[in-house]
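As structure tokens, the structure follows; a few thoughts come after it.
Chain lettering (A, B, C, D and E) follows the sequence in which the chains are written, and residue indices restart at 1 in each chain.
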Amino acid sequence: MIAVDQEYAFQIKNLNVWYGDNQTVKNLSMNMRKNRVTAIIGPSGCGKSTLLKTLNHMVSLIPHTKVSGEVIYEDKNIYGETVDLEELRTKIGMVFQKPAPFLKSIYENVAFGARIHGENKKSDLDERVERCLKQVALWDEVKDRLDKSAIGLSGGQQQRLCIARCLAVEPNILLMDEPTSALDPIATLKIEELLQELKKKYSIVIVTHNMQQAARASDDTAFMLNGELVELAPTGALFSAPKNQTTEDYVMGKFG
Amino acid sequence: MSVYRKQLKISKISDKIQTGFLWALCLSAILLIISLLFMVVGKGLSQLSLDFFYKMPEELDKGGGISTVLFNSFYMLILSLIFSIPIGIGSGIYLAEYAPDNKLTAMIRVCVEGLASVPSIVFGLFGLAIFVEYFEIGLTILGGAVSLGLLNLPVLTRVTEEAVRAVPEDVRSSAIALGATKFQTIMRVVIPSALTGIMTGISLVAGRAYGESAVIILAAGTSTSGVMWDFSLFAPGETLAVHLWYVQSEAIVEDASAIAEKSAAVLLLMVLLINLIIRVPAWLHHRKLNRR
Amino acid sequence: QKAEAAVSGKISIMGSSALLPLSKQAAIEFKKKNPKVSITASGSSSIAGPQSVRKGIAQIGACDWDATKSKGGFSGFSGLVAHKVAIIPFATIVHPGVSVDSLTKSQLQGIFSGKYTNWKQVGGKDLEITVVNRAFGSGTRVNYQEKALGNASFKKTKNYVEVKSSGDMATKVKSTPGSIGYIDLVYVKSGLKALKFNGVSPTTSNVISGKYPVYGTGYYMTKGQPTGATKEFIKYVQSAKFQNGTLKKMKFIPISAMR
Amino acid sequence: MERALEKAAQQTAPVQQAAVPRKTFQFNRRKMSDVAFRYFCWISVILLCMTLLSIIGFMGKTGLMTFKEVSVSEYFLSLSWLPEEGKYGAALFILGTFSLTALTLVIAVPLSIGMAIFISEVAPEWLKRIIRPMLDLLVGIPSIVYGYLGMTILIPFLRDAAGVQVGDGLLAAALVLTLMVLPTITRVSDDAITFVPQQFREAAYAMGSTRSQMITRIILPAAKQGIVSAVILGMARAIGETMAVVMVIGNTAELAKDLFTPTSVLTSNIVMQITNVEFGSAWSNALYMMAFILLFISLVMIIGIRVLQAKRSFVK
Amino acid sequence: MIAVDQEYAFQIKNLNVWYGDNQTVKNLSMNMRKNRVTAIIGPSGCGKSTLLKTLNHMVSLIPHTKVSGEVIYEDKNIYGETVDLEELRTKIGMVFQKPAPFLKSIYENVAFGARIHGENKKSDLDERVERCLKQVALWDEVKDRLDKSAIGLSGGQQQRLCIARCLAVEPNILLMDEPTSALDPIATLKIEELLQELKKKYSIVIVTHNMQQAARASDDTAFMLNGELVELAPTGALFSAPKNQTTEDYVMGKFG
């Protein structure tokens, strides 16, 4: 792996995704910058989640899915050459809409990623769990009950736990699919703050249905409609002066 | 990150091995069961002829058929369903639609599950005690059908409850919001939507009742009235399943093992048929509705 | 025959499995003449016969002994009437693969008490013996124990199976190599080998001539004197026509032939 | 609350309404059928409960009469069952039932769970669509067919394979029961595994786990209670099965010394003897007591399943 | 029934609703005008749906629910006096978030309401079905396949069908719980147009999470938070000049 073009986290070229006969991503090309937050917005069903899942090869788990085009990550088209999926997913973390902590203790949730990669030394794990929980600002809230079930946490805490769990495998990219849509305003705020913190170390792609959130928290915003990329621009520009009429209609709340 | 690489390799190899093992295990187990059943069916089918179905069972000589036991099987099945379907479905609807969420309901649920777990031989003994010992009507179709009906009850109840529960709440509220009474909602909206599930339940129960033997032996006996189309409720009620056991183990007739082989094949095919027959209308119904 | 008006009614016969083939055959013939009668016959073991009659769930209880008197550990049933229907010859049977042809009383005692466990101990091939015994309550067992084993007791050993009825016995012995059991002659068909007892073949003529002692008497028990269809049926079974015809053909012995 | 509101509403006299042409009697009939149906359902469920209670009551009452003539300790501890000699030791049947069930589970559980994992997580979609209905059909195969299969195919095979004389016994019965409960345990575990929310799978994959890591570390622990329920369900079937066992176990009232000795279990002994004994006699009562024991065991297991399911927690 | 105060469709006074111990509507009082569209907005879980369900007594179907206060409809407190629930619900139609057509043909879906009220004459039913389908502008799209399953319709069509089904029992009020949130922009637009048409004949209460929709389609808007009514005002006023700071924060997208 020779480091050449390190400017982009992903370069997507002519990407198409089909579920069966149903094409949900259509000839989509875009670049996502490193160490930036890229937001993807668009009405329900437009293919946001699908695009996100293509980036870490999760789509390939869904039966009857077909992908064509290129997604270049670390100078390698992950849909062209053979890639080690487990390794890829280790490096590209993903956080989902509904927090889904495993039915384990808080500690084991965070330690899970390290354990599956063969790390079992107690002291190393301890250190890692603490570090990751601190990164998501959850440490103080849970440090006294690390061995309690993660199910007992509130929604916002669970979501931060899931992010910590992701960080524990030391990815360099974070994909987030509507990570705050199930959360209350305060928890949402915390996660948004966390994003600003995390983008120093990670490249982040976030799908959101909340335009205010995109406006507040992202550097670049991509607007999708019916599987196509309508507009990609720095967030400020996209919201204040969209080039495209549809984009304008959408950000003005005319539909969706 | 590269520290993970070695571990990843090991994990992947073990993943491959485990996957392969599962493939082998599952396929061989299924193949084994299927081939055993095919052996049973095959042996019987090759000797099967049409007259086997309409000839009377012979008591002593070769070449008997299964007409009366076949009749009893269906007769008793239908009777048992007549007893159990209204009550089973009624209870299922009660639990899904009416039961308030309290201790009593919890207890009723335990009862349903408890009844579902009662071994069939206990139902047989119960039937024996009631009909033979208490009412002294002997081993009869009635006794067998009622005992079978009791055996079916809890399963029907549970399946109905599940099927009714699975009907989306939106559909139910929509009907209520249109001013329908609860009864109308259940009859016109909920039941039609739950029909596939209920039908599956009935076929499950019917298949089970059709093949049940312990209950029949104890409550309906191991002989028939010897008359075809005997609708008397008080005739003895040997069924095909019992006949299979009876000829195989009593061996009075000359060609006992051949009859057993043929009966086993017929029994298996009938059970499959019941499963299909009852499911097909529900399936068609479903298809029709889903067609654009 | 025209004189006998056809009767109607319902007859249920339960009990002895040794008599079951006879009852079933008689029922078929009787029904031809009296189509309105429905007869069902089922067999488990003799003791069930008088019991079912007393309970009222059967009109006729078939039993391999006179159940009004106590016998073989069973007390007598009062209020029942016994009708002698047939003499039943019993045979020692073995799996066809057993090379032995004849056994003496003491050899049989040895086998059923577990003293002999291999056929070579009684002059056969090296093959383990499996004893197939009838369950308690069987009339065949009562008669066989008394007449063939001289009331010696059974012992459960390693290869020992109990079966529920004569049919069960036939199936089990047929399907178990090295097995030995006992059954009435009507059941001895292909797949089973009947042994000589003290050198005497189990045939009806040997029983009548007194050379073969292992037999019993079959009874139909009724609750009080029988009436209606039941009475006619018993009369038919006891009739000379049936006794000397079908009954004889089935290797039972007419009551009149003895004594 | 609901009740009170509904009731209050039902007492009102129906009001004529102009907007929709509809007749008053129609309204009344609607109300009446509504109430009648509710009662019908209620009576049904009461009948159902009564059935269970009367079965328990009857079996218990009849069974417990045994102890008028037989001491409790003899019944439960003695191994000699010789009713003709007045010996009613049922321990051998109870032991037989337990050992048969245990043996069955030892064979069936690993197989079933392996198959369940295969079906839910490994098998491609088309194979799932074949295997699942097939297993559902297998669940419905009459037990007597399995017994017949055991008697005519399995026992001769066992005789040859193990070089034994009789072949009937615990192993034959356990194998037959395994065939019988395998589809049940597999399908119920399969459902339990499939029921584990997809998010868990996605989350585990997204962190780079392999499939087998995901299954063993995430899915199985999450489906544990469902799988245990499946096993208990299979166990209940094995304990209560009668005719399939009767056909292959040998039916000797004797404790099994090895896997190939004919023996008896509760169910097989009941069915073998009940028609030969007089109702009301100590022997008959002792058999009813066995049925009561069976009943008791299965009820205990059901309560066990309920306790387990109450603990199932990830469905919030 | 004497017609006195016909100005309001509903007058709600000191309404409280509890689910078990959890109070979800707190001392809420408001009036909803006749032949107007009243929108209810507020963050997820604030009690919008609960309020709506109180209006047609649907809450009373949920176990462990307690209602106190008054809801006056046609001069009658439906929580004070005994009311005929079926009749009430016949007069107050309700449309749900997810269109839930019955597993019946399109025709039977619309005819359902009439049938349960004992109307079975073919010609009357035909006439009624046609009229209602025309009202929701669905007639031309489905007139050739009335006997086909309603499940085959698109989401937007299904939702219009559900509205037609409602209209077929001739209510005078329509309650709608996020009726467009599962729909695409074009279907949403159609429904909003329909609202304007329907309010000529019906009083409409609509719950929505889409503020733009509320702004576009309603006459009055009520903003709820944590079970309480924060502000009720004519829609223009509420969005342009909210009296309440929280309302302002919410309509500006600061939370929710």
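General observations
In this text, a contact is a pair of C-beta atoms (placed from the backbone, for glycine too) under 8 Å apart; a residue touches a chain by one contact, two chains touch by 3 or more.
All figures in this text were calculated on a predicted structure; none of them were measured in a lab.
Superposition angle, chain A onto chain E, using Cα atoms only: 175 degrees, a multiple of 5 between 0 and 180. If you tally contacting C-beta pairs for each pair of chains, B-D comes out on top.
With centres set at the average Cα position, the gap from chain B to chain D is 14 Å.
Centroid to centroid, with C-alpha atoms defining each point, chain A and chain D lie 46 Å apart. Distance between chain centres (mean CA atoms), chain A to chain C: 83 Å. For chain E, the set of residues touching two or more other chains reads 61, 63-64, 86-87, 90-91, 116-117, 169.
Annotation for chain C: residues 55, 164 touch two or more other chains. With touch defined as above, residues shared between interfaces to two or more other chains in chain D number as follows: 2, 30, 151, 208-210, 213, 275, 279. Residues 84, 86-87, 90-91, 116-119, 170 of chain A are the ones that touch chain B when the two sit in their complex. On the chain B side of its complex with chain E, the touching residues are 100-101, 168, 170-171, 173-181, 184, 188-189, 192-193, 288-292.
Against chain D, in their complex, chain B makes its touches with residues 4, 8, 11-12, 14-15, 18-19, 21-23, 25-26, 29-30, 33-34, 36-37, 39-40, 86-91, 93-95, 97-100, 107-108, 110-126, 128-129, 133, 150, 153-154, 157, 181-184, 186-187, 204, 207-208, 210-214, 217-218, 241-242, 244-245, 248-249, 257, 260, 264, 267-268, 271-272, 275.
Contacts from chain A toward chain D in the complex involve residues 56, 58, 61, 63-64, 86-91, 93-94, 96, 98, 100, 102-104, 112-113, 115-117, 149, 151, 162, 165-166, 169. Within the complex formed with chain B, the residues of chain C that make contact are 12, 17, 20-21, 24-25, 27-28, 31, 38-43, 55-58, 164-168, 170-171, 174, 187, 189.
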